[in-house]
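Take a look at the structures listed below.
Okay, so chain A shows up in both of these, paired with chain B first and chain C after.
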Partner chain A sequence: MSEMWLNMGPQHPMTHGLWNLRVKIDGEMILDCDPEMGYLHRGIEKISEDRHYNEVITLMDRCCYVAGLAWEHLYILAAEQALHVTPPERADYIRAMCDEFQRIASHLMWYAAFVQDLGLMSPFLYGMRDRDLVLDLFQSFTGARMTYEYQRVGGVRSDLPAGFTDRARKVLDWLDERYVEYDRLCLGSTIFRERCDDLGKLTARDCIATGVTGPMLRSAGLKRDLRKDRPYSIYKQLDFDVAVADAADVTARYLVRMEEMRQSSRMLRQILDWLDHHPGPVLADRLPRWLGAPYAPQGREGYLLKRNYPKGLGFSSVEEPHGEAQAYVVNEGGEHPYRVKFRSPVFANISAARHYLVGYHVADIPPIMGSVDVCVGEVDR
Partner chain B sequence: MGGATLFSVSDTLASVLLNGLGSIFPQPIHGWLTNPDLILGLAVLIFGAILLAASMINTIVLIWWERKLLGRFMDRRGAMHVGYAGLLQNFADGLKLFRKNTFRPRESDSLGFYAGPVAYMVTSLIIFGILPISSGWNSGALPLSLLLALAIFSFAPLFIFVSAWSSNNKYSLMGGMRSAAQMIAYEVPLLLAVVAVVVVSGSFDLATIVQEQQNYWFWGPLFLALVVFVAGMLAEMERIPFDLPEAEAELVEGWNTEYGGMLFAFFMLADYLRALVGSILVVLLFLGGWTMPGWVPSAATSFPLAGIVWFMVKTYAVFGLFVWIRASLPRVRTDQLLRIGWNRMIPLSLASVFLAAALVLVRCLPVFGCLPSPGV
Partner chain C sequence: MQPDDVARALSTRLGDRLLGVETFVGTAGRVRFRADAALDTFHSVHDELGFRHLSMVGGIDWVDHREVFYVVWSDDVRQYLILSADLPADAAHIESATPVWESANWHERETWELVDITFDHHPDLRHLLMPDGYVFHPLLRSFKLHEPEELEVKQRSV
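Then we have the complex of A and B:
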């Protein structure tokens, strides 16, 4: 067979979203590839300029549909910095809890999609089944399973319901047993190892050169995790290890994500213990009144008029389940943010496709792209 | 020996027809109607219709069986709503496909596009005419029925490749190429594993092979051949560890990407027909067919429904094993698949042939007892 360009996408089972991977193939070998993004562009950054600060949160849930709360946290951190608002400590802990649960839910979703790409059918449903338990927890305090709209500038919308921490611990216990099962199904399978070892190699040097972050970077042996290196929120108080692997291949990425889920469980137990013993307010007492009328807390009138309110810049970077996400919010004193800009980790991870796809087989594309953990919502924004 | 001791359903039908028609019609028509050749032809036609219906219904129940089993393996229930425990779900699905418009890509080749699925389906159906299901259900005593069945079974890659190529789609083409490469690579170990059975039983006739297993089944002494045969069958049926030709993650739907409606249903049905044939062959060659330890078919059970039921139970159990494998294994890569086929399976199958030959020489094993004396 002569060389040909093959469009994998925008409608293709491998993409897990809406993007196009153009690959140049000779028989089954990949000679070149060219990822094309932009099919899911909704102009979230531009729309944000026309919304109240709290209304942007709705868009954050749509940025990444498997890690909505992590993206809310990212934006909120930047917006609070720009608006000079400090949340109560309990709200910070709840947000960190959301982050870690979201990481587990996102990684479970990744696990399900990844093994499905390899042709493993049952673990796909096991992953989805266990993710549902985490979504149940989200539903119990946010009211939604996917688009939560839970965090607010200055705190979170509402406190956790009674008995939540016990239920959450039960879910964590269940999940900790399941991780062993997952490992047995994947790492214990010879076919899995044959397919994933030495596949999709991306060295630490290439990672740095192409801006690849998150589990992909850590799987190359580089111990970089924003929660440790530049701790935001309450991560300084938590005791956890950064998951690292050396092989820089698909198996290594699997190992890193599995270990991250275990570390998240460990963190969550500490957070839940703290939440048990420290009741308190979850929304700042004093908030600018014009922050967004639909969500303004009752009885907490603003203390500053709009025209007197100081301007500000907000920047935040968060270790999102897929990598390092960054947000930049400019407060020029108006009701709406003057400018909002995000950095999507998956955008960089996909853009480096040429570095980890070329030289492998067509059949390797699904597991490699699966190990990247693509979430197109945040790529195109 | 061969099929001489067996008696075929067609003959039974013919005698039933002969007696029945003879008593109804007056003399001139009677004389013409009771022409034995005509009656036999009629009987074969009726038998063919019964076979078609039986194989189709079994195939559809097989799909149901797979959906239910897969559901259980995946911690869910499978089809539940149409019919009792979802038994009619596949009929509903079939009806839906039947009502769909069949379309063809403009640039595709009309003849290949339409002929491919039909030929694939037809060749899969023909095999059922050869397979004996019980001592009474045997469409004809063919001394080489095993070879014929496997020969027709191996037609498939040709038709798959034709329909894939004529689809004029890159994914279809790649799927077709993979399919052809895979089926040819696995044909060899499959046939060598069959040779082991032939060596031990001394016959190419499926019915005789089953009869030879009256005392004990071949899966024990020929375990290696069974493993090779099952693995080869998985590749021939394109089921999950070896389902590369339609690997949906990278090739969308492989060689049948461009097919929709009833043509797609043809492919789907033919796939499961082949899965059924594969399971039946495993039962016939290694699990003793309709024989049951301590049960000898007598004249009283000349149309033994018990044998058929017992046979189908085994067939569904074997297919259950295939489903189990599908539920728990990932898919291998093309080059790995071919490497497994040529480097591992062929030596293994050769070893199994030598093992079978040694078995015939030794005749008796302390564990499995003595082999029956070879056939003619």
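Then we have the complex of A and C:
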């Protein structure tokens, strides 16, 4: 018997980002594991204390680089509560649209990376190709493909360009046909099924004990989705189903994410219809001027109004593509937030690694960790 | 669940160690408890109120004291509850929540290294995001990002 600790990372094809999975192995069997994080720690919470409220949005795109708009929404919801600001309804709809398109883009990125881990090259190319269509849409109204800086305290930066909803519907039509192809490529493949079935099991009980959320939790049969259970923004108005699966293995996580993309398409069609028929402002008109650009372009003078602004606490929780993300914003009346704290869903999902890795083989690690959908940017912040 | 319901359920076990339950928009309330009642509070909230999912643990440095807060979720009432305790700055320590919620493990490691709050009886209190042997606690207010004069330079035309 020879037990040893093996480092998988910080640079390793399995990791998708910069982190180190230390596994204790005996031959091919995994006996224990210890994820080491922090290689991507940029101190986003600390830097936020030194920024104006709207400047923190820039950091949010860097926080999770595959779901920037969802993280902007998360922070904005908490900041608006702390600052006592209400956005116009159209801005809420646009943000929800961003969320759902971002979910599709993020899941497509996951799909591409996950199947590549399994050695399937063509689905990887299809996934990346279709994700680019969503990024094209983002580019048309934010000007960027990855770091959007689009949402603002009190609304969003600008309204959607003319003809956007029709272009978006075309992309959705295209994607709806592609989901069928994805399933045929993966679920129809014996290699895929034999690789992924009964792998990386994590029961609902362990999910709750370890704080696991998102597609991993729903793949264990628990029907929990903040968009249904605690509807934020405009999700109460939307008609959709929560994607669940029972097997709690890698295949189940695949099924949940695929169904989530379909449900996102369904929601997006409702949102796009609403946007077509309800023009209006996208920024609140009664905003404190010190919030910064574009409200106080003259520079310092606007900040003077900040005195005596009421203090406040903000807490928000959104169903981000990876799971439940939370933000806690403390407004102590200064120009900057006093404290910003974020909860990353992947942080909790990785911390449970012992529960879904131990007992499997070393060669099972890439598909299992692939099915977790790791985004190190939001774990380390 | 309303803050009053939470207060009623917790006060039997905690007595005057429960300092109050405040209204917090979007949650079932914000429970303020004395740090020496930590384990009792956790057990009550988990077993009796049914908040079985710990979402996050965080710390705030208020300079004269520190605050540690917990966000928990219940699948029964589908609500969040926030627990918060004040700790003295010179002896900031509290009982670990890991016996009640296993997920507290990493969150407490992070809070310890960033905000310098020690969690007693934590099974594995070592660095998570910072390198081993790192002696600073970056999220303390005394840890300056810039010197004041650099902050003056930062005020640019936007």
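Odds and ends about this structure:
Throughout what follows, the second predicted complex is superposed on the first by the 368 of 381 C-alpha atoms of A that agree within 3 Å, B and C clash if a C-alpha of one lies under 4 Å from a C-alpha of the other, contacts with A are read in each partner's own complex, and residues count from 1 in each chain.
Convention: a residue touches a chain if its C-beta (ideal position, glycine included) is under 8 Å from a C-beta of that chain, and two chains touch if they have at least 3 such contacts.
The structure presented is a predicted model; accordingly, all values stated were derived computationally and were not measured.
On the superposed chain A, the positions of chain B and chain C stay apart, so the two partners fit side by side. In the superposed pair of complexes, A:4 makes contact with chain B only, with no contact to chain C. In the superposition on chain A, contact is made by A:229 with chain C only, not with chain B. In the superposition on chain A, A:341 contacts chain C only, with no contact to chain B. Looking at the shared chain after the overlay, A:203 reaches neither chain B nor chain C. In the superposition on chain A, A:43 makes contact with chain C only, while chain B stays out of contact range. Chain A is touched at more residues by one of its partners, and among chain B and chain C that partner is C.
Superposition on the common chain A brings chain B within a closest Cα-Cα distance of 24 Å of chain C. Shared contact residues on chain A (touching chain B in one structure, chain C in the other): none found.
By the touch rule above, chain C contacts chain A in their complex via residues 24-27, 52-56, 58, 60-61, 69, 71, 75, 78-80, 82, 101-103, 105-106, 114, 127-131, 138-139, 143, 145-146, 151, 155-158.
Listing the residues of chain A that touch chain C in their complex gives 37-38, 41, 43, 45-47, 49-50, 81, 208-211, 213, 222, 224, 229-230, 292-293, 296-300, 313, 315-317, 324, 326, 328, 330, 338-339, 341, 343, 347-348, 351-352, 380-381. By the touch criterion stated above, chain A contacts chain B in their complex at residues 1, 4, 6, 8, 12-14, 28, 115-122, 124-126, 129, 185, 189, 191-192, 194-195, 361-366. Every residue of chain B that touches chain A in the complex is listed here, in rising order: 70, 73-76, 170-171, 173-174, 177, 240-241, 243-244, 247-252, 326-336.
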